[in-house]
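Read from first to last, the chains carry the letters A, B, C and D; within each, the first residue is number 1.
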């Protein structure tokens, strides 16, 4: 199969994503001083998928503050992104907001007092403001495709509802979740949207400096599912991946980096994207670890 | 019980450690420019326990290079420090070198071609050189105490031997392991010994800059067992704890920090030590996350 | 709480069942020669719940034969009746047809080529024929109550659908499943309906002698969830319990026994019902084990 | 490899057993009236291995009564015979006396107030009396071979010791356990030794009728590890297997059956032995299930 080579395999379980050409690669970097660099398919829009969890987390923390942590933890799970195992032994409380279960709860929390339309509107405004780009939008066809095949996510949602950790109807929470995952951006847009996590002077100030640090910490420990340790070891930067093949990585005070290539590792992270950011971090010495 | 208050509870399962006065607290900081600060019981020696895993890992990487990773992973486990669960489903390969199983394998790897005495000699030399202090030693009474009550570690060792991932007799590997855990240091000595992880100009160069980054990454993602995510979130520095109540934390390029207080959290990390380092990191802005 | 004494606690998670008076107890026995004995509330109808899994299994084996076992196993699970753990490691194939996941798959299999209405019609005909009583029916209010609160079962169904082991829409399979659980019978009716599992001369012959043995074997090893071993040890008869408080037990060649009392053990089996059948088996020497 | 065909594979992890010719097969049946039938290699001695757990359980219940159940459960484990998973979540209490962990605890319980030599003496006396044959003995070479390679059992023993559920030094309990597993019998001897579980008039009365029923119940639900349900479904008789390829099965009131063939299924049960007993049960109608 053409898609299965050194580039990894395109996410096959979401039909709309399975149709993406795996031979694409793009990268964009925004420095603290505002300079931008881009290469390859940096202007091709792709589905950001789980990278949206970073923005939704920022939104949820803004709305709920630390009470969010009553419903979701801050620890690496040591399990696959869609695993249901820990939910049973830990009574429906997901390990962190970057695995599927945790992101669904985070979205459910944002829905308190809001309709799905309003919540998605807030999310889009946040991302557009972060990227200073009003063209960023949600791909409805992808959202529909995810809903139609999202049985694992339905299982997670119903399971958490049974444990009292989902407050809204699973259809409502998941409908919102599937739409947030279907946000489309280019590498250039994604890199710009990550500037608020740089704590750099010129970047948009969307959340406080303390919260930026915490979100970065969560990205480092939990941003790549059960390959988070490996990303920290090899790259040394906080990052969040999505099964669309995108990665957002942050070099605090220095740069916001976006890479995209649809082929995935077994854990669901872009293979070429990871390697590109690893090379960049090595050559620039941007590792946060010394 | 006097020991169970805000300070947490002293590790009770190792009799020699259970006798330590829980009301002690010490802290020491060494800056990149060589200046040192210390407070409280910073000159009282304590058992470094699992902090020794950092030094043994540095030694093992020096001896074996990346082949070590064939036998132990680099991912957070999401489980307690002494859990055996993942060993069964992952065929005897521990998740990382900072949980007990992973540290036992690391020690076992260092034993290739060395006697336990030689391996422990290398470890002591490494630590003494790092701290520039020849008085650092192993407390034999603690080592004996750990061996006598170390049934969980014996279970881990035999389990890995059954899967072919322990090469030496469990008595040999564990005998070495129990001794390495029984190294005694003061906060001041510990902070000095951590300078090689700072990548600072004046510090002893015991391992390469690349390797320093990687060890720091592992400390951040795995250094506090199933509270590693919480430490990263609250403190924002790579760190390694021990059940003796010590913590070593590194602010790359800036400082090496040691804190000690015997009372432990449920996950086995010093309660006061964590809080002290959290306060220090907040006030100095040393977080690696922005 | 009145319901929590020696009688155990009424199943609280299905509102309609939570309203049942826990102080009721009934028992009925049908001997191989046709004689019947009954005591207590033996003519009060109750919700048979999971006891329906026995009848649906008989129906499924009649329709599919041994191909059913491609989709569900025949081993005790060692887990709670509603656990999802093994489904993840065993790729959506439930351990046996008497835990919820396995019963949902069994029902889903019966739905091949049938509408829910037809499948439920077949089930009712089977039960009525077995009991020789046309009054046996489904309580719609209970079925609706289960659907409204059945998030754990929805989680199981979606999870198996994600693994390709549920062929119909979860709403369809679960709609049928919730209705089958809502069949209502009295102890007298239930004891009569169990005669086909006696392999006794006068009883209705609904399935072959070989299949009777196999269903009885499954009831013995898996009929009481993670208390199946205890029931075999104490009672020594194949049996199936339901969270409505009913138990059907079979003494092959000798008797069909029904007991009912709503108070449940921690594992979800009727406390008084189990004790009553244990006493009966002890006094009659009906144990199959010697 | 010659050993891997329809006959299954010889247990390779115990060197002494790995050397047994897999092409052997024997069977012996003792009826309630005392008549005996034998075929094939029914007079070739083999290592009974885990079948010894039945005799040691009878001995332990005689010595301790129901207090044994404080330390070991009576439920199928749903896991492999040597799994350590449940021990961690269930605090060192094994599920039943027929998985390795449970048998080690049972042996440890028998060691209270006895030396290993005395405990093994009691066991041999029990078996010899049951079989009315004083030639039955322990193969020291097999016992040594098991000790040398028994790392998984050492892991289980140390793990239970850490949880306070092993009272003696693991070396002592395991030394006894390895010797009990190394008892050697022929099919003819094994079938005779099982007569006390028949509850037949002429058989030796070594335990009470009630206890016989309970031991049979445990054999049915737990006697073949994670294939116990399958054995009950296919054969319909209480039975206990050993990795030496032997199986003891009981038709209460009717017969004691021994079969032996060294090739094992994936779960560690004799393939040909199981099939032979299945055929016998089908032709005789000895199933306890109707």
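Methods note: a residue touches a chain if its C-beta (ideal position, glycine included) is under 8 Å from a C-beta of that chain, and two chains touch if they have at least 3 such contacts.
Only a predicted model underlies this, so the values are computations on that prediction, with no experimental measurement involved.
*Asks:* Moving only from a chain to one it touches, give the least number of moves from chain B to chain C.
*Replies:* When the steps are counted carefully, the minimum from chain B to chain C is 2.
*Asks:* Please indicate which chain is farthest from chain C, where distance is taken between mean Cα coordinates of the chains.
*Replies:* Result for the farthest chain: B.
*Asks:* Is the C-beta contact count larger for B-D or for C-D?
*Replies:* Of B-D and C-D, it is C-D that has more C-beta pairs in contact.
*Asks:* Between chain A and chain D, what distance separates the C-alpha centroids? Give it in angstrom.
*Replies:* The computed centroid separation for chain A versus chain D comes out at 53 Å.
*Asks:* At what distance in angstrom does the C-alpha mean of chain D lie from that of chain C?
*Replies:* Result: the chain centres lie 32 Å from each other.
*Asks:* Taking each chain's centre as the mean position of its Cα atoms, how many Å separate chain B from chain D?
*Replies:* Distance between chain centres, rounded to whole Å: 45 Å.
*Asks:* Could you tell me which residues belong to chain C and also touch two or more other chains?
*Replies:* none
*Asks:* For this entry, which pairs of chains touch?
*Replies:* Pairs of chains that touch one another: A-B, A-C, B-D, C-D.
*Asks:* Help me check something: in the complex, which residues belonging to chain C touch chain A?
*Replies:* 83-85, 87-88, 151-152, 154-159, 161-162, 170
*Asks:* Which part of chain B faces chain A closely enough to touch in the complex?
*Replies:* That would be residues 73-79, 86, 95-96, 197-199, 209, 212-214, 216-218, 220-222, 226-230, 232-233, 236, 238, 250, 252-253, 287-290 of chain B.
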